[in-house]
């Protein structure tokens, strides 16, 4: 069942390992079949060495495990909240990539300090508030998802334009309009986090780039007037 | 004699090299057979290129070399003190991994700044006091072990919950409930040390995470109510 | 047509990826046939995995696409301005290499802090002014090139002696007297940027090296009295 | 002639590249035959890809080229001064390794901040004074050597115990009692420079370790009472 989706999600989990975003089993990727309302997600704590496509666990949007020999990732409920609230999301990635996590641990958003950032994210990457003891002690993983959604609502952010968030004291959740794009965004987030960190150390007074430059770079790669890439071919990048 | 243990310890010594925790021969791993009261440990200063499983040296808990063509690691006495005092320890790893060593050199504990840390260590990683001239001039390697044990006693720390220490001006000693877990903990320590360092540079005012979040993450992976990983399979992670 | 140039430019685009200057398709290299007045440049947003030498796009110095199945790189117009104004330039490289980009994001020039820098660049690497909203909203990529040229004019810099610039809030553009030398200079720029960043963090009071040392090192490798390398063989380095 | 020495020096030049101490041709290693008073050194500016053992250039201690199809490394005269003044030196390495060079650029010695340092160098790594304009304008490479020797004399340092120096605004020169040990010391220097840099950023108040700990670690690996490694086998490490 949904073997193509499982294959994609499996490959994406391998990719975040190969790209250096995770060590051991410290991350998880999921993808969704929107028509069926079912996600495929990595099982919890299984070694990448032995992981196979058919090990991906199928879970309904209501949280019911539909198929799988293993328990789904501990963070499954967080993924589900994102799929339920962010309609354009087709893939979700959670990692503990070093520089992205550093911003989450510092309780600081990643400011948009250059066009590398602006090419991919339409403004700073928000950091959530710290969870309350009630949220932590309650349905923790679901509350993590709710906190993310609330952060986007309060800041009036469009998750399609800013496909990443930093959960305070925890780490990044990243998404995309496909499983592959979610991975691409997670790799990109780590790269811009590294650049932002070093930039801030070199020049602590630096602030985010001007709006016109942000608009220029984001919109030349995204949206109806974009002119980056190839109009005439199908591919990851337009 | 104890060829299985030697093989495990040999492999772990290779692993810390492959994982980038040590260069040249700057580290050592040991493992114990608790029934026989014998540890296997890397020989001192032998190249990894030529190292073989049968080169591991067997040493009794009293420090007597039982079998081996080579001298055991210079740090053997430190390992022995840990095995003698920390009953749940089955493997010990000593490295000069860069970021872990940086905290030891800075005489600062690694604060628990996020869930990556909390998933693996139940609170900050302690740093010892500086050794006295008497300790340095005496039975130095044994005194290093005693200093570690004393640090855990004075801070009322459980070595099973905080399986690592930073020896001031020296570097990390790490352990685990198996040789493999000790290596896993050493790799993890280096990763969280790197994250903590960068976090502190980005936001010098940041402090350790709140106790409820520490409890949540540590206890969802460890102890009787844990729900991370697979209950139904045997593996490194529950 | 111009298949040798295409092959060189193709290889250079692969090189900046292999050297770690770019991830995904975040960079572009071009080369010129000065006699014909035609440049070859990477197509926009095509994966390195599938890129072939014949995919390089040929563009005239007036901006007309002469041959190519794909759109040329979005930054083509910037390259063209550099070729049109800097007569000794035979190859141009644009990357988002981390440390070079950090200086561009910090709006700081890379000071010449040592002989590693002085061996390759005759003084600090300039950073441009921030583009105005009119420039950003106009013919953006052409304006980026003009800004670079204006920076060199205002600072009385010779692009043959300082073959690199940092576009503020964006990243490095680098060039050379051949495609290969442009790549070499881009790799070198990243290395000296890394060194300069760490040097500034270690000693914030450090300033550029004295003129006599800069002269000595730059001129022992460049110009008529140079004595580095082999006088009697053809090669990248004299 | 001296083909064994050439082979060793060739291999060492490859090693510093493989170990990440140099990029392109930015470094050079030499070795000496003390009986004959001849050194073998890398040719200047020849690609590592095409370098062969027989390309090593033989030079007498008086600076005369004895054999070689290529020009010797530009830094040959610096190497010669070291061989002429430091009698126990059998191999010399010059690199632009990032972290070692950072200290040279910052005009700061590398303080001995931990036992990793103390295991290999008997105290801080000195940095030279800045060269005068007369020295730079004179026989520059010879003056660089003289500056190093003067630094050791003025600081009463034994080059056998502190086998490395930082030339201000330039980079490290490292040596050893064999070509291989010189390379080993160069790799070690880079590792301790990295650790020292990060330690200083984490805790700017930290100072060098106490003399008793320095003595303990240096002397347990070096000298007549050392007990690290294998007494009964021949090897890099005792």
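Chains here go by letter, A, B, C and D, matching the order in which they are written, and residues are numbered from 1 within each.
Just so it is clear, a contact is a pair of C-beta atoms (placed from the backbone, for glycine too) under 8 Å apart; a residue touches a chain by one contact, two chains touch by 3 or more.
If you're wondering where the values come from, they're calculated on a predicted model, not measured in any experiment.
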- Rounded to the nearest 5 degrees, the rotation mapping the CA atoms of subunit A onto those of subunit C is 90
- Item | Chain whose mean Cα position lies farthest from subunit B | C
- Message: If I list every residue number at the interface of subunit A and subunit B, are over half of them used by both copies, so same, or under half, so different?
- Response: different
- Item | Averaged-CA centre spacing for the pair subunit D and subunit C, given as whole angstrom | 33
- Task: Would you mind listing the residues of subunit B that make contact with two or more other chains?
- Result: 201
- Query: Considering every pair of chains, which are in touch?
  - Reply: A-B, A-C, B-D, C-D
- Task: Going by the contact rule at the top, pick out the subunit D residues touching subunit B in the complex.
- Result: 113-116, 184, 187-188, 191, 194-196, 198-199, 201-203, 206, 209-210, 212-213, 216, 220, 227-231, 233, 235-238
- Sort out for me which residues of subunit A touch subunit B in the complex. 23-26, 43-47, 70-71, 74, 96, 98-99, 101-108, 130-131, 133, 136-137, 140, 169-171, 197, 200-201
